[in-house]
């Protein structure tokens, strides 16, 4: 650690790019794969831009599909960064301090994906400027979607700026001034809860959709997010641990497991509470749940989907809770992966699509995403992975070379 | 550690309160069951000048002034006589008996009477005036003009007539504003067979997938 | 206006050949070349799909389309600006499709609040209202967009979800009744509350309208509507040119761009001139009653006063201005 020779903002940016363009063959292939996926997504989106959303599987009854499902789930992943921020900055856990930057990188990536999913779900790309406060008209405070746009962008800003400041300070060979960023860290903790609550309110506030119009939705969003998000972060930490020289302390994984287990159990409890309410005395308002779990009028495309999700979720939670391999990563990491996928299935498609089926007039249709939707989604996921890997790579290099 | 926790709780609490306040401000009126906008509607009892809507054109179809009053005074009904193929009837039905061979089949053979219940179906003479064929006749024996058949129909269908006068049965012609012009009974109903015939709908709704 | 479907399929094939080059085991350079060609094709498609003037034929069209792109929300326009956009839209329709349109921007009439009543005893399910609505409002013929739904109902039940909304047989069927739904123009509409850009709102005369050019197509209003009253332009609408209704209103039946929300407007282009909505005019059974709620002598007020009426999902507090009644 010596005084930095000619380092400034420009070299910071240039260095970040330089580090990310270099790398081994495997890394380059990984990049190329992501680029290919993004190209495919862009191509599929160009078709959607030309022909309208008719190239998707959505229709007037299922008016939100795969895009909004992924958006909803990824807001949770973004919010879950708070589960690293809280121990790191509030409880000053030194091991978490080393990984918090990774959590924030994941949050930024997830938010980029969220905003991209919203953007591709719009009727066309160009009128989006009507949403920008000041230039367009913002239906604030009555529209929850307006709130969501605000909180998502705010969270993106917070989660981008705080790590950027810390990394830049380290890059410049300084110690980051905690007094400067601490208020923003606290703000981001509050904000993390709010992005997910607001996203839940987006659905929860609709009297037209009894499946969503349910006060448990917000808390359940948080619980499932704090299970799925840390599960993903644990997986990413494991990859970093095995592929780079940046080693992660075992205790981090143990604590993450605890967070995941508690959240997953709370999530399952709430899920069972909902299922009980829907099926003990089914009313008109239970028809979406009936469609989801048992099918209706000969339409049952989501039945295998949701039962797979619930059973995988249950098994993965049990494995994580009882820890049969005594902290054996070969048991816990797959469990994390399965839990993540199970929650994605349930909270994405499993939540959004049945909320719209049957239609308010009782008509039942099935929804299947088309190849365009799948390709655009793949492209956006690749974009997210790219963002996350760029940020983490830059962060790790700075931390290892300059941060110490 | 404790101060840190307090900080978190403070942020969360403060933010939550702010959120709640904004939402409550937004909710305000319009809570179900409280008071309805219908109270406002019902409170409006000053007459509305329908002639204020200036784009209203006179009805294209011939009309006559109704011999009834209801719902804001006089109104017009669509005339009937022009639609009757062989009006005026008195050009054939004079004082003398019609002696042409097959006269009924040739002139009124298309008329199928399906009016009234089975077993007590109506006959021509139940509505048509027995002597002056240019008119109908009600049960009291007074002449009823073809343009004002509602006076006759309303004898039995008094509920429908009441609804028609008020506007719950039948319909207005073209305009909701301007002078009130309503369809006559016979504009929609064939007086000889007033029930609408069964038929296929004009279109259908497509399944969405 | 036709969707070039063949073209799309061709592109799909083309795209597959771009997306799966690895199988041919080509060199990295050739591969990158392919990739860049693919990216260029995609971005070209993107540009024609997105940028307002990208496929404009003339300079005038280009200018008009950019002016249209940067215009304000209809609620914020002055009278001159409204007249301006209406003239531009008419001119654009003439330039592009050779259509002679008369687009109006009539303001709401003073002391008028529209209300609608539907007689479930009288309706016999002929669906003349639906065809009249499709014609009047220039609804997409390709996907068969319909604002009005008619449900064939079993006796003993009043919820349309128990009825059949897709019947096609001789009507009326004995011992069944028919129930129509459409946008109910709620006094407390959940859809306008949801819209993030104020592109949909309730006019002073009670009609819930959409500014098609301000709508961003997020479809939150569609999710918020408890009556399935809104329709989305998933693709470009197709209407035979000779069937286009040329008397239009900015907030009403003018041709909607792709990716925008649309809905029943009580035929705003007709009702603001004193006419009945097309569905009311077409109804052969007189089941549809329309009028001014602020006129104590109107038919709609008579129905509310003298008939037993009910509204759909009244418990939601949306206050629909659409009542069902029984003779």
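Brief remarks follow.
Each chain carries a letter (A, B and C) given by its place in the written order, and its residues are counted from 1.
Here, contacts are C-beta pairs under 8 Å (C-beta built on N, C-alpha and C of every residue); 3 or more make two chains touch, one makes a residue touch a chain.
Bear in mind the structure is a predicted one, so any value in this text is a computation, not a measurement.
A comparison of the A-C and B-C interfaces places the larger number of contacting C-beta pairs at A-C. Distance from the centre of subunit A peaks at B, each centre being the average of the chain's Cα atoms.
One finds 57 Å separating the Cα centroids of subunit A and subunit B.
Put simply, the C-alpha centre of subunit A and that of subunit C have 34 angstrom between them.
Measuring from the averaged C-alpha position of subunit B to that of subunit C gives a distance of 27 Å. Annotation for subunit C: residues touching 2 or more other chains are 143, 149, 165, 316-317.
In subunit A, the positions touching at least two other chains are 59-61, 142, 363. Looking at subunit B, residues 207 sit in touch with two or more other chains.
Those residues of subunit A that touch subunit B in the complex are listed here as 59-61, 86, 90-92, 141-142, 186-187, 189-190, 193-194, 363, 365-367.
For subunit B in complex with subunit C, the residues that touch the partner chain are 30-33, 36-38, 41, 44-48, 50, 52-53, 55-56, 71-72, 159, 163, 166-172, 174-178, 183, 188, 196, 198-207. By the touch rule above, subunit C contacts subunit B in their complex via residues 109-113, 115, 117, 119, 122, 124-128, 130-131, 134, 143-144, 146, 149-150, 165-172, 187-188, 271, 273-276, 280-281, 283-286, 288-304, 306-307, 315-317, 319, 325, 327. Those residues of subunit C that touch subunit A in the complex are listed here as 3, 8, 11, 15, 18-19, 35, 38-39, 41-43, 45-46, 48-52, 69, 73, 76, 143, 149, 151, 159-163, 165, 181, 190, 193-199, 213-220, 222-228, 230-236, 257-261, 316-318.
Put simply, subunit A touches subunit C in their complex at residues 35-36, 39-40, 42-43, 45-56, 58-61, 63-64, 118, 121-128, 130-131, 136-139, 142-146, 149, 202, 206-209, 284, 287, 355-356, 358-363.
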